[in-house]
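Listed after this line are the structures, all set down as structure tokens.
Next come two complexes built around chain A: one with chain B, the other with chain C.
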Partner chain A sequence: MHSEPIEYEKPASLREFESIYAAKAEDAKILSGGTDLHVLIKEKLLAPRLLIDISDLPELRGISYDPVRGVTIMAGTKIAEIERSPLVKEHAPALAFAAANLGSNQVRWMATMAGNICHASPAAETPPVLLAHDCELLIARQGGERTLPISRFFLSYRKTALETGEYVKAFRLPPLPARAAVSYRFKGLRKAMEIDMLNIGAYLELGEDGTSVNEVRLAMGSVGPVTYRAVVTEQKLKGMRIGEEFFAAACDGVVQEATPIDDVRASAQYRNRVIGVLTRRALEECLHRIGERRG
Partner chain B sequence: MKKLIKLEINGENFDVAISPAAYLIDVIRETVGLSGTKKGCGVGDCGACTVLIDGRPTLSCITLAVACAGKAITTIEGLSRGSELHPVQRAFIDKGAVQCGFCTPGMVLSSKALLDENPHPSQDEIKTALAGNLCRCTGYAKIIEAVEHAGRLLSGEGCDEQA
Partner chain C sequence: MSKRDFDVIGKGVTRKDGPKKVKGEHEFADDLQFPMMLHGRIKRSDIGHGRIVRIDTSRAEALTGVKAVLIGAETPIKYGIVPQMPTEYALAHEKVRFYGEPVAAVAAVDAETAEQALDLIEIEYEALPVYTTPEEAMAEGAVKIHADNRFPGNIAYEADQNFGDVDEAFRNSHYVLEKTFKTSYVNHAFMEPHCAVSKFDTNGELFIWSTTQVPHYLHRHLSKVLQMEMNRIHVKVTGVGGAFGGKGEVSNNELISALLARKAGRPVKVLYSRKDVFLQHRGRHPIEMRVKVGVDKDGMITAIDYDGTMDGGSYGGWGLVILFYTAAMLHLPYDVKNVRFNARRIYTNKPTCGAMRGLGGVQPRFALESLLDQIAIDIGMNPYELKKRNAIGLSHETVSGQVVRHCEFRKCLDQAVELSGYKEKHGKLPFGKGIGLAGGYYISGTAYTLYMAYKPHSSAMIRVDNESGVTVYCGATDIGQGSDTVLGMMAAEKFGLPFESVHVVSGDTSLAPFDLGTFASRVTVAAGSAVCKAADNIMEKIMPVAAIQLGVRPGQLEARNGKIFSVFEPGKEIDFWKVVEKYIDAHGPLTATGDYTPPRRTGNFKGANIGHSPTYGFSAQCTEVDIDTETGEVRIVRVTEAGDCGQPINPVSVEGQVEGSIVMGMGQALFEEIKVGKDGRLLNPSLHDYKIPTMADVPELRTTFVDSYDPDSPFGAKEAGEGPIQPVIPAIFNAVYDAIGVRFTEMPITPEKVLQALDAKKKQEGKGR
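What follows is the complex of A and B.
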């Protein structure tokens, strides 16, 4: 048997949640979809005294778009809703794709993206795409809010930048410039229901000439204790022209910056081989998407 | 310690006194006494415990029962009308998609949720929708056939088809 959490509370409004959490955050865990939390509790890796269920708070649901601010996804939105959202498919197709590949259909109807990033597993599905989009997190607590770029959210294995009493309220994906796109590529052992052994999110932005590279972001998962960006490579790629030299530099750079380990899912050597291939495919897909966007 | 809550299962209200730490699967099976829902892995991997909550396929082994107060829960017992089987159940039998039957309640409910959303799924869409329901007996081929057949039955096209 698992050890029992002593208490369960289900606040009816965001305001009520914030006041409960402000008072009891030390002993409490926020419960969203529970697809990570309950597994940890059942495996006795975690024994919270209090679960605060935010899964039905209406204020935390929904997806919206605004040409200036981009796509806003509230923290309690289900992965299945993100997967199906016409707004996400239009403005962040790589995120819709990553969502569609998270767990099983049941898991997707239960799980949230906030749970996915707060669990802070380096193999998680959505962080590489969110990093590629340079997503901004809206982090809140009773009486205050702050924004944080997702690139500063993951501190170490299962550790995030949230302070006691803070929670993730929303995700903002800024609008993409005209000649830019994001893509997501992953490699698992099976097609479905598999924790990725590697995944990568890529952002590519071209100059007005359509061949020079303005900006690249490359976010890698499962090659270190957190999902992180290959920032040295990103800098090197800036200003290059699209072509074989660019792709080769991107792949070499990513392999240099990745720090994979051997584990049950793959060897470090294999991961190094595959990460280069995924990087190339991700950047090619970005190029393709940019072409499509320009018709 | 125990909380008194009301659960709506298959349209019927049950007043149950449960620990806040009790999982829905155990409350459905032990407290309410509906044993159609199966418990396999207990940690979200196999899908045997799938029920519908407000129409959405949900893993009852990693869902707290207290969290379901005020929601509509459908278990496999809730599909048939009296002795008349639901078309998805009918199709599973007609197509020989049941062997030991342990995965079947979860499979049928996942299939129903799929067909409610998408009445004519492709084989790939069926595979995606059922990827979280493991079957150790059938090899899946007959299950996929059954879901396609159920789609036709539900849209009234399957009446003259050979079983």
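What follows is the complex of A and C.
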């Protein structure tokens, strides 16, 4: 690790940012809210030579909705804006809820969702909901863009699929089908300012009969090196009918697929046990929301 | 002094520091800036126990911007808050005793340079075994952490006290219950980290601004460690952003800032990071206590037997005093005739434990209130009934000779039980929901002093004149609890003036006369008495002047609403300030002093002089919990508190103390625990990983007072700062028992422990069938 002072640049436009980043990506770190990055630098876990501050780039701010493409959230949007957005509350209420439970109000007015996923902590607040929504990421670099489903974004502990020179530009949450809903459940020791011991995002889509299960997504946090989906269980649940058997299968499946470890926050044993409880509660909440949506 | 209709007391005033704090105008130590001021940072050990073989500071000294580097060998003078038992150095000398101990310090032009310089200091150690538990430290053949310690092994101090005949009492008991309890390693987590700024003037006098509870103790220590005459040292307390005992002894940063300032010849600020705060620590002692309580068939307590091992951490600190406080705290608020106390404080290689809100009381209270709850249930009595029967009456003398001159504890029990519906709820709520009751008390001042002298514990001076109004000078320190407000209110009431017109100058060794400091919930009673006496002395000077003006006898006069008037002929009145003017014209400056020393008490056993108090505060709490039996989460729904703090001087301040106590106790009951690695390293020294309750966790709080007035106290007041935390933890534990039938004996009750206990219980019940 070097001990020279860190350089700082604050580009005024997205274009300027892309060109600086293209030239210096190897040594640089993107600075959004800094609520993860500054902590790592202060703790001497990271020593970038250059910080490129994108926190005020107007092109990276904003939330919009389109009936075909769903909700689009630009990468630099503050968590607090997501929490309060009427569009998010209407089309992705679980995301608004997760956003509202990230850190404190002060942190939420600094932090961004891009920072949350790029930090790639398995305990982070928004990844389970984004995975449950099967969110699509818009990833960009100077002179190019690509899209990537978020299910392929987290590679390992604090490692993402971003290539050198790439950055996250936007999130797209596809519109929910009529009989579908997403929910989010988490467990921390206290009620706020918590790094979760466990969290889960659930997506439930019912068939026209209102009882058969078309599709389920279960995204678990803090039970492995990254936030990930219980894909085997999801397959098993497909086609089942809502009822005790379904819930039991979901809980058992999730426990099977969870690979938690002991750490300062909780033991593996505890996590294994409670992830099932949270799964059931999350799915019940999805059902409740579907009921509400249909009036 | 008798109870009456007050104009200021009990009315609730706006604290003068309130709006200033809200607007960021109140000055804290870190706000201070001086020309040429340097920033000091501390190099800390990265081993848990070892000898210092070599320190090389040359590279640090060579770094541009570094103005002074200091090591322990330059300041080899031992100090300690208990002067007879000094154990500490400003910087480790010859040996380090915990992971993160200060070893060297740097003053540089800015904090970044100072931090960079720390990395350039090379230290070589010869490692010694690290003991992170009393068990390891007491094992056969363990290395002595303090070579000159006069007790065997790593025992810092031992105590035993025995009153009555405990064994005989147990033999004659109807029911005896014994359990072992464990409390955890917790920190105060006050908001403002320690900060001190030291500055030597051209004449070589030292001025130090610090966030401390004990400016006069700091004064004495600075004189010792810097080897300077006390009259050349000026200690000034800045705003204090919470302390709770953690700033109740001298902190390394204070000494280091002064030593660096002297060496560099420039002012030096040493501000702690949160991690530094955890390393300075002085938090609550973890105690493993085996406690046994017996009762007769009516539920009357026959005897208490206590055996406790305190984990003291690496240095002495307040430990010795706390050990004996713990002994004293077994005797109340119940009437107990037979008490045995055996305990020891053990040195371990961890940050030092010390004074923390309710010290000496919280741990034994946890054990005793839990045991009494269980005993009541076991013998088929309502816990309230059992506690009420044993509660002391209006006044009391314990078998250890502590004299309680005033007590309304029974009213506290009644009121908390009544308001919470405890009797209707206890034992009757659905599984997962529960209610728990606990009582508590605390000293309201201490008869014990670390000064081997008869000087008053508190003193005050009041100056009244037509230019500056009323100024109260008092050595007491406002650490956020609001003592400046309370002392100002007392003076205002005495003079019949509005609170706003009284100025309080406190926490400054150059300006204000001596006071022991802010601890032992002593300030309202002790400093309050001194201020009241000084005010009475002022009135004694001006009443004759008013009497002559009005042509009445001084004894008929009263001061109220800015006037002095005859109680018999209220028409005969004169403006207060007119009288002051006349007095000064005739006699010169109008000043007076007052002082206070609590009654001295002792006995003929070891530690007999510790634990006595002029008066005591009492409280009872009923706490309701709701447990998620699937995730193990314990949620506190409501706390109903009834407190006997005497006459509340500023009721809002009392409520603040009570609510703060409840939240603090709740954190310790449910969340808080400093985790220590095998090598002695702290694993969670940040407020991110060390979990204190947030506002979102705070339950519904119902804070009430019982009707109370201690006629021997200033305006009838007692304490509210440390008593209310006493019942918090056992009330929660008792509520958890009521909810799920599990008797926890170890803090904190985490969701994991709840699930494990529920499993074990299920297994047990399965077997039973």
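Here is the rule we use: the second predicted complex is superposed on the first by the 290 of 295 C-alpha atoms of A that agree within 3 Å, B and C clash if a C-alpha of one lies under 4 Å from a C-alpha of the other, contacts with A are read in each partner's own complex, and residues count from 1 in each chain.
In the analysis below, a residue touches a chain if its C-beta (ideal position, glycine included) is under 8 Å from a C-beta of that chain, and two chains touch if they have at least 3 such contacts.
Given the structure is predicted, the values throughout are model-derived calculations rather than measurements.
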Touching partner for A:209 - first (chain B), second (chain C), both, neither: neither
Partner contacting more residues of chain A (chain B vs chain C): B
Which superposed partner A:195 touches (first chain B, second chain C, both, neither): second
Which of chain B and chain C A:105 touches, first, second, both or neither: first
Chain B versus chain C as contact partner of A:244, first or second or both or neither: neither
First (chain B), second (chain C), both or neither touched by A:270: second
Intersection of chain A interface sets (partners chain B, chain C): 191-193
Chain A - residues contacting chain C, complex: 3, 187, 189-195, 264, 266-267, 269-270, 273-274, 277-278
Chain B residues touching chain A - in the complex, by the definition given at the top: 3, 19-21, 23, 42-45, 47, 50, 56-59, 62-64, 66-67, 110, 113-114, 127-133
Touching residues on chain C, where the partner in the complex is chain A: 116, 119, 630-633, 670-671, 675, 683-684, 688-689, 691, 693-697, 750-752, 755
Touching residues on chain A, where the partner in the complex is chain B: 2, 4-5, 7-8, 10, 31, 34-35, 38-39, 42-43, 51, 53, 55, 80, 100, 103-107, 109-110, 191-193
